[in-house]
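Both of the next two complexes hold chain A, though its partner changes from chain B to chain C.
Showing the complex of A and B:
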C-alpha cells in the first residue's frame, strides 16, 4: 500500500511538472502573453503591451487589464481611447468607482473643462463615495476655466483640510490675477506712444516706441517747417504708421501679458494636481 | 536519451521480484522525472530558438515594430539570458530602422553590457556610433570614437577612423572629414568632401563683400535680385543721410542714418551671411543625398 501510494504520488508530481513545463515553454499561451504584457506595460512600452492584452482579453474578460489599458492610453496622451476604456468599466465592474474617478482625471488632463461641467450633473457620477473625486476635480476645473468661481466656503466642504489650505491659496490667486486691461493699454499708447507697453511691463519696447515715434514726428515737423514737402509727408506717413502700430502693439502686449499670467497660474495648479495625483488614490497593482 | 533509458528501466523492473521491483520502480520513476525536467529544459531552449527564428524573419522583412515585440518576448522568456545580446542588438537595429534613434542607442548600450566577446562588443560599439551620427549627435559620436581608438588597433581602428570621417561630414566639418578619408585611403568619400569644399560659399567672404559694397555678398551667394535691392536701399538712405549732413541738417542726418541707412546696412550684412549659409545647406544636402542613395560603400 505504502509503495503504491509513493508511486501514485511520484506519477502525480511528474504530471504536474510536465504540464508546468509545457506551459512554460509555450511563449504564446494566454498566461505567458499576460505576463509578457505586464512586463511591457511596466517598461512603458504601452502599444506592444496593448496588443498582447487585447489578445488576452479576446479570450478572458479581465477588468484589471481594461483599467490598465485606459491608464496606458492616458499616459500616451490618447485621451479619447482612455475615456472609452474607462467608460466600459462604469457598470458591473470591481473598478466602477476608480474608473469614474479616473474618467474625471482624464477629462481634466485633456483640458475638457466643459465636459466636466456637463458630466458632473449626470446621476451616474453622483452616487455615494464615487462623487468625492469628481466633485473635487469639478471645482478645480472651474479654476482652469474663465467662468465665475464658486463661493470659497463651498470648497471647504469638499476638500480635506490639508487639500483646502492649498486649494484656497490657488482660489484667491485666481480671483486676484494681476491681469492688464487691453483698452487701458491702447488708450495709454494713444496718449503717449509707448506708455501702453510700459503699463504691460514691456519697458524696453515702450521706451523704444516713444523715442522712435518722437524722432519721426520731429523729423516730419522740421521738414514741414523748412518746406521740404516730400520729406515732410514721407516722415509724417512713417510717424502715423509707427503711432498706430504702437497702439496695436500695446493691446497685443497686454494680451501676451495676460496669457502669460494665466499660463503661469495653470502651470502651478497643474503641478500641484500632479503632486496630489489629482486627488485619486495611487494603485499598487499597476506595476509591482 | 536519458528519458528512453528510464522508460527501458521501468519495463525491465517488471521482471524482477517484488521487493526489488518496488524500489527499482521508484528509482526509475525519479529518473524519469529527472529526464522530463531535462527534456523540458531542452524544449524551452528549442522554443526560444524557434522564437528567435520568428523574430529574425520579421526583422528581415523590415517589419520592425513586430520584430521588436518578438525580440522582447524572446528576451523576457529567456531565463538563462543566452539570447540577451542578440535580442538587445536586434531590438536596437529595429529601432534604428524605424528612425527611433534614442531608443536604438539605449538598446545598443544594453547590448554592449550583454556582449559575450570582443567581436560582439566592437560590433555593438560601431552600431552605436552609427546611430549617434545619423541622429546628428555627432559630438557624442566623436567622443565615443576617440575613446574607442584608445582600445582598438589595426583594422578595427581603421574602421573607427572611417566612421569618424562620417561623423565629421554630418557635423559639417568637411575639412576634417576630408583629411580623415585621405589618411585611410577612402578615395570616393574623399572626393565627396573635396566637391563640397570646392562648391561651398565662405561666410566670411560673403560678409566682407557686403561690408565693402552693400549687396555684393548676396550677389556672391547667388542671389543677384536681393543684392540689387539691398544696394538700392542703401544707396537711397545713404544719399539722404549724406545730403542732410552736407546741408548742415545734423539732426535729420543722424535720424535718417541711424533709423534707416544703418538698419538697411545691417540687414544687408545679415542677408549676405544667411544666403551663403542657406546655399551651403543645399550643397551639404546634395552630398548627403549622394551618400544615402548612390554611394556604394559602407554607410549609416
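Showing the complex of A and C:
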C-alpha cells in the first residue's frame, strides 16, 4: 500500500510539474516568427507581416523576405518603399534579375514613365537576361506617354509572337487615336457658333450654343433697328460674351474629348498588362 | 372667335402645366429629421478686383433670385459658384468665358446624363479644372470616381 501511494504521488507530482505539462516550444523564435509572418503575408495582412519580417531580418539576411516585403508594399500602393527594397536586391542577390524586372513593373504601376526612360539607359539594368522585361516595359511606357512611338519593327524583336499580336494592336490604336484638333474646334465655333461642339461630338451643346447666340444676336439687331440703344448694346454685349464663350468652350471640349480618349486607351492597356502580369513570370514561392 | 380659341388654348396650357405642380406638392413620407438649413452668407470677397466684381454679382443673384428659386441648378458646382471659382482659378476674362460656356451648357435641353458623371444627390459633376485649358488639371481618375 505504501509503495502504491508513493507511485501515485510521484505521478501526480510529475503531472503538476511545469516541465512535464508544457512543451518547450519557443513561439518567438526566429523560425516561428518567419512562419507566422508568412501566414500573415499570405492573408494579405502585410503591415503585421512586415513587423515580424523586420525582426527576422535584424538577425538573418534573407533576400526572399526582402523581395516579399517589396511586393507587399507594392500591393499596398506604397511604391516608394517597394522600389527601395527592390533596389537593395540589385547586387549580390539571387533575386538580382527578378528585382530589376519588378523594379520596372513598379515604376510603370506608379506611372513614373520618365523614370523608366531614364533608367533603361543605365548600365546596371542592361545585363543579359535582366534586360528583357525592362525593355518590354520601356516600349509599353512609350505608349503611355505623349512622345513619339518607336518603329513597329522594333517591337517585333522584343516581344514574343503571342505578346506582339496584342501589343501591335495597341500600337496601331495609339498611333491612330481619333483625337480632335483644338484649333479646328475653335475655328469651327468662330465660323458658326456651336459647330466646334458638334465637332467634339457634343451635339446638344452645339445646337444650344447656336440657338442661344442666334437669339441674342437677333435681339440685339431688332433693338438697334427699333433704336432702343441701351437694350441693343446690352444684347450686343451678351452676344459677344456667349459667342466668345462658345469658342472657348469648344476648345476646352476638344481637350476633354482627347483626354477621355487617351484615358480609355491607357485603361485598356493597363488591363492587358495586368492580365499578362507586366510580362514578369509568376513566382511560386510567394505563397505556397 | 380666334381670340376665344387662343384664350381657351392658353387656359388649357396653364392647366396642364399647373397639373405638374401637384407632383412637387404631393404628400411626402413623415420624417422627424429636420432638413439642413443652407445659410447663404452675403460677403464681399475682396481678394482681387475681378473676384470683388463677381462676388458682388453673386450676392445680388443670391438675394434676388437664388433664394426664391431654390436649389434648381443641375450641376455641381452650381453656375454661380462655377463663375466665382473660375475667376479665382484664372482671371476675370477667362472666368467670364468659362461661365458663358457653362451657362450655354446649362440651357442645353438635350443634355444627357451620360455626358457628365452623376453624383449621389443627382447633380451633374462638372468641375472647373476641366475648363482651365490646362491638360495637367484634367484628372479623369477623380472625374470617373464621381460617376455613380
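The working rule: the second predicted complex is superposed on the first by the 263 of 288 C-alpha atoms of A that agree within 3 Å, B and C clash if a C-alpha of one lies under 4 Å from a C-alpha of the other, contacts with A are read in each partner's own complex, and residues count from 1 in each chain.
The rule is simple: a residue touches a chain if its C-beta (ideal position, glycine included) is under 8 Å from a C-beta of that chain, and two chains touch if they have at least 3 such contacts.
Only a predicted model underlies this, so the values are computations on that prediction, with no experimental measurement involved.
By the touch criterion stated above, A:256 is placed in contact with chain C alone, chain B being left untouched. Once chain A of one complex is fitted onto chain A of the other, the partner contacts of A:212 extend to both chain B and chain C.
Judged by the touch definition given at the top, the superposed model places A:40 against chain B, while chain C stays out of reach.
Looking at the superposed arrangement, the partner reaching more residues of chain A, out of chain B and chain C, is B.
Once the two complexes are overlaid on the shared chain, A:51 sits against chain B while remaining clear of chain C.
In the superposed pair of complexes, A:26 makes contact with chain B only, with no contact to chain C.
Shared-chain residue A:222: touches chain B; no touch with chain C.
Once chain A of one complex is fitted onto chain A of the other, the partner contacts of A:152 are absent, as it touches neither chain B nor chain C. Within chain A, the residues touched by chain B in the first complex and by chain C in the second are 212.
Note for the complex: chain B touches chain A at residues 22, 25-26, 29-30, 32-33, 36-37, 39-40, 43-44, 46-47, 51, 68-69, 72-73, 76-77, 249, 251-252, 255-256, 259. Partner chain A is touched in their complex by these residues of chain C: 94, 96-105, 107-112, 115, 130-131, 133, 135, 138, 140, 144. Across the complex, chain A meets chain B through its residues 3, 6-7, 10-11, 13-14, 17-18, 21-22, 24-27, 32, 35-36, 39-40, 45, 48, 51, 212, 215-216, 218-219, 222-223, 226. Residues 202-205, 207-209, 212, 241-242, 244-246, 248-249, 251-252, 255-256, 259-260, 263 of chain A are the ones that touch chain C when the two sit in their complex.
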